[in-house]
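Paired with chain B in one complex and with chain C in the other, chain A is shared by the two complexes that follow.
Our next item is the complex of A and B:
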């Protein structure tokens, strides 16, 4: 009996380790290969940083990276501002149509990106918005909005609404209540939401792929094009940089937003 | 408060409505412009003979939908995509659920938080890059071949690239964190004393799993399954990179209509048929799952 009690969790831990190995193995292999001077990824690895040096001279990838950052920053600002306003309304007021409005947040998350992306392409082309940076920003904000609203609303749930009432009864105007009472409380939630929005935009491939024009693309689009044209080892280097950056970003989110729903 | 007159109350209600409108208006206008109007435009295009740009004449037609029902090619591919979605969802459950169970029920404290974060960390990093990273593992003369030959000498060359299994492996890797996350959330909500009670009443581990844990975790499993199944059915980048010539699915065909063949109406119709089937499956599945709860 006691032996079984010890061994079962042990098996569980080993299993967990195997799953983690599965999740990280390819990423680690890619990172290692980015330091391999062999173009054909020959083993054993011949360590070198030549692909990172080559990357620094690749204007196309650098331009795409700059675009990715611009889009992500603009998306973050817009999505966080618009999404927070919606969360505040959902939190403060009960009104007709609220349930429908909450339901309308699901399509951007649940409909396959392929369909959303091509639908945007059709519509933007049709009404003259066209493709390019502005179109990608339009699309990215739409995808990030639901995440922002979910994260900020979750934070608001731990907020005591009587604090707002108290401030109001003491004569604070609506904007003062928002700025001096509510905002400081939800600030960590806002920060987490902003990082989420940034990550959603920075990692987004499908929408950008359909809204990119030759010459104006993002990193993922440029990487995809390179992969399909044939492997270039510089892609390993830039991919390793991106993945490190994204993971650092998520660790930042985790600092402000408790995952796993523990109290 | 009692002194508030009726006109005052009406005024306040109007002010409130104005606030709601002002604060939610921009976000929903944005969603309308980028999600709902485009989907409507797509619906319209799916009934056209041609994309109505420039001087091109376009007429209303059912031809695009008829193409799907008349040509085996599209139906076969649609079926293939749904099979892919079902298989990937199944493997994610098979391997992800035990992982969530271990995380939620046997590991405690700070370790749990750290491990949980480790599980969802890759999930938030670039999906395309993670699929790309598998090409280096699966290719002939690659890491997997070396590893397998090291464990089982004499296995010989092993090249999984550009095959159906490669697509499955890549997609399971991409989506398994969803399943672990949703299962973990519902498993964590199960009271430990419930499990202890069942055990002390003589239920074996398997019985506890089958009669207690699995039914209570159903909402999480279902949520995970939906979050995985829907995007996998519509995937095109993963099959293209890992499947090569074997990676033709309805998603890649739709992509082709927009980026290579430029038959937008057909692409729109195929998209809507796919969306319709997905919604139908969800509608059929949801009452059955609700009863199980």
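Our next item is the complex of A and C:
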């Protein structure tokens, strides 16, 4: 369906430009400063890659970054798998208490992370899980699950179950139906859900901060700690790397999958 | 290709009887229409033959063997869904090839057979299109090609033409009939459209409230409906309450004696099709022979170019008569006219 396009008046262009500036200006300034050799952000910019070189030698930041990546990847895999299974159950079956269960999945999204973090810390100590990487992963999976379920369920809602029937009538076995008909349809949803899970985990500060043990922290925690000790432009450098990486990923994904509706 | 037999099949959904002791045979190579209003159980029956649903009691056999223990994917059926259910992520070629590729047929063989199937439905050259790039009629052809390419034993069509607009529907009726004759697959199709059932099929089964009301070739059912429901659902009918008056004659409510062919038995109603009645001004010479005659008052006429429909009042009952536009003249409202018809066209209804 193509909507009729009316050309945008000048005021509209200005407005959109301001929105984009509001979103991107701080990031652009930060990225520029990561290439400024002046520690005090003196202008004009004295271009240099010295902070990137310094970053390469900063073992603490790199270790924290590696931890963040590991946690985010593991969280993404577990949360996407579990969440998709939940969505499929909601989609295919009718059972008692379904509506209540679906409703109860949403509040965790709105509860402040500080409160969830505190609750997790207390609970994990109480049951003996304690702190550390495993505890962080557990916490992140719990945080990411509702997002995955919401995204995959939304995608499944647009799936026509007669497609599965059609596949079966044509002789496809159950796994062939899932793999060749259902999966390709929900794949963009799975991808979006995985991105959400990854972002929730990779961004996570409060819960990671509470559940980290000395010597094992994540990037946001490490950045926070080093800012408290005194800011170094290495932070700009690593942030710029992360932003570039995530922008490239998102733009790539957006190219392959049209978000917000097939056809 | 195979014969399908449905024997004493019943199916309940809670307190609702979707199918009530239905027995019907679908002949090998035949084109069979299951006709009924929504909720009559016709789709339930089709889905049971496909294997998406199972009878509570009774049996379904395909080519003589019971299929209760055979799941959908092993029944070797082809089904066309009301919304076509084309796989949106696949091209036309891949859609049609699906049934062959899940069976592990070799690539060159798949290409050859998909080519043949697309040729049969006149869609050669559309291989690389995606379903959303096709018109409604083209989608339907793809769905049909996909359903027959595996050479199924039975072809099941669920409201095959309901999603198309009128002119396309007529065109597809012709196509569907040609293709069915070409491939000679036992075909069962579900419809609520009486015209579709009459045009396409060589046998019709009329379902109402889970029961098979009547079954037979279209002409037989049309000319000799057994019940008031069958008379009114397939075509239109004027119904008259009767008082039995022995062989050869009955009296209508006003005492008019009319003649019928055969015996009325315990029947309480007769039906006369609107096109079998001759409508004439009272001034016209009385019909000869043994015609049944009544007088009615014209209420209104509906002019449709080549034909006219008259709505008439007879003893506070509305009658309908179809008239070919031969004279170019119309009889106005309020005029009393004579209706006559042959005893042969007076159908005695069972209930």
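The rule we apply is simple: the second predicted complex is superposed on the first by the 224 of 263 C-alpha atoms of A that agree within 3 Å, B and C clash if a C-alpha of one lies under 4 Å from a C-alpha of the other, contacts with A are read in each partner's own complex, and residues count from 1 in each chain.
Quick note on the criterion: contacts are C-beta pairs under 8 Å (C-beta built on N, C-alpha and C of every residue); 3 or more make two chains touch, one makes a residue touch a chain.
Computed from a predicted model, the values in this text were never measured in an experiment.
Legend: residue contacts after superposition of the two complexes on their common chain; A:193 is shown touching neither chain B nor chain C.
In the superposition on chain A, contact of A:27 is made with chain B only, not with chain C.
In the superposition on chain A, A:212 contacts neither chain B nor chain C. In the superposition on chain A, the chain among chain B and chain C reaching more residues of chain A is B. Touch criterion met: A:185 reaches chain C, while chain B stays clear of it.
Touch criterion met: A:166 reaches chain C, while chain B stays clear of it. Of the two partner chains placed by the overlay, only chain C lies in contact with A:176; chain B stays clear of it. Of the two partner chains placed by superposition, only chain B is touched by A:246; chain C is not. Judged by the document's definition of touching, chain A residues 262 lie at the interface with chain B and also at the interface with chain C. Within the complex, the chain A residues that touch chain B are 8-9, 12-13, 15-16, 19-20, 22-27, 29-30, 33, 40-43, 82-83, 85-86, 88-89, 93, 95, 101, 104-105, 107-108, 110-116, 118-126, 138-139, 141-142, 145, 149, 174, 199, 202-203, 205-206, 209-210, 220, 223-224, 227-228, 231, 235-236, 239, 242-243, 246-247, 249-251, 253-254, 259-262.
In the complex of the two chains, the chain A residues touching chain C come out as 160, 162-163, 165-173, 176, 180-181, 184-185, 262-263.
Listing the residues of chain B that touch chain A in their complex gives 16-17, 19-20, 23-24, 26-28, 30-31, 33-39, 41-42, 45, 51-53, 95-96, 98-99, 101-103, 106-107, 112-113, 115-122, 124-130, 132-137, 139, 141-143, 146, 173, 176-177, 180, 184-185, 188, 205, 226-227, 230-231, 233-237, 240-241, 251, 254-255, 258-259, 264, 267-268, 271, 274-275, 278. Residue ranges on chain C touching chain A, taken from their complex, read 50, 52, 71-74, 76-79, 81, 83, 85-89, 98-99, 102-103, 132, 146-147, 150, 156.
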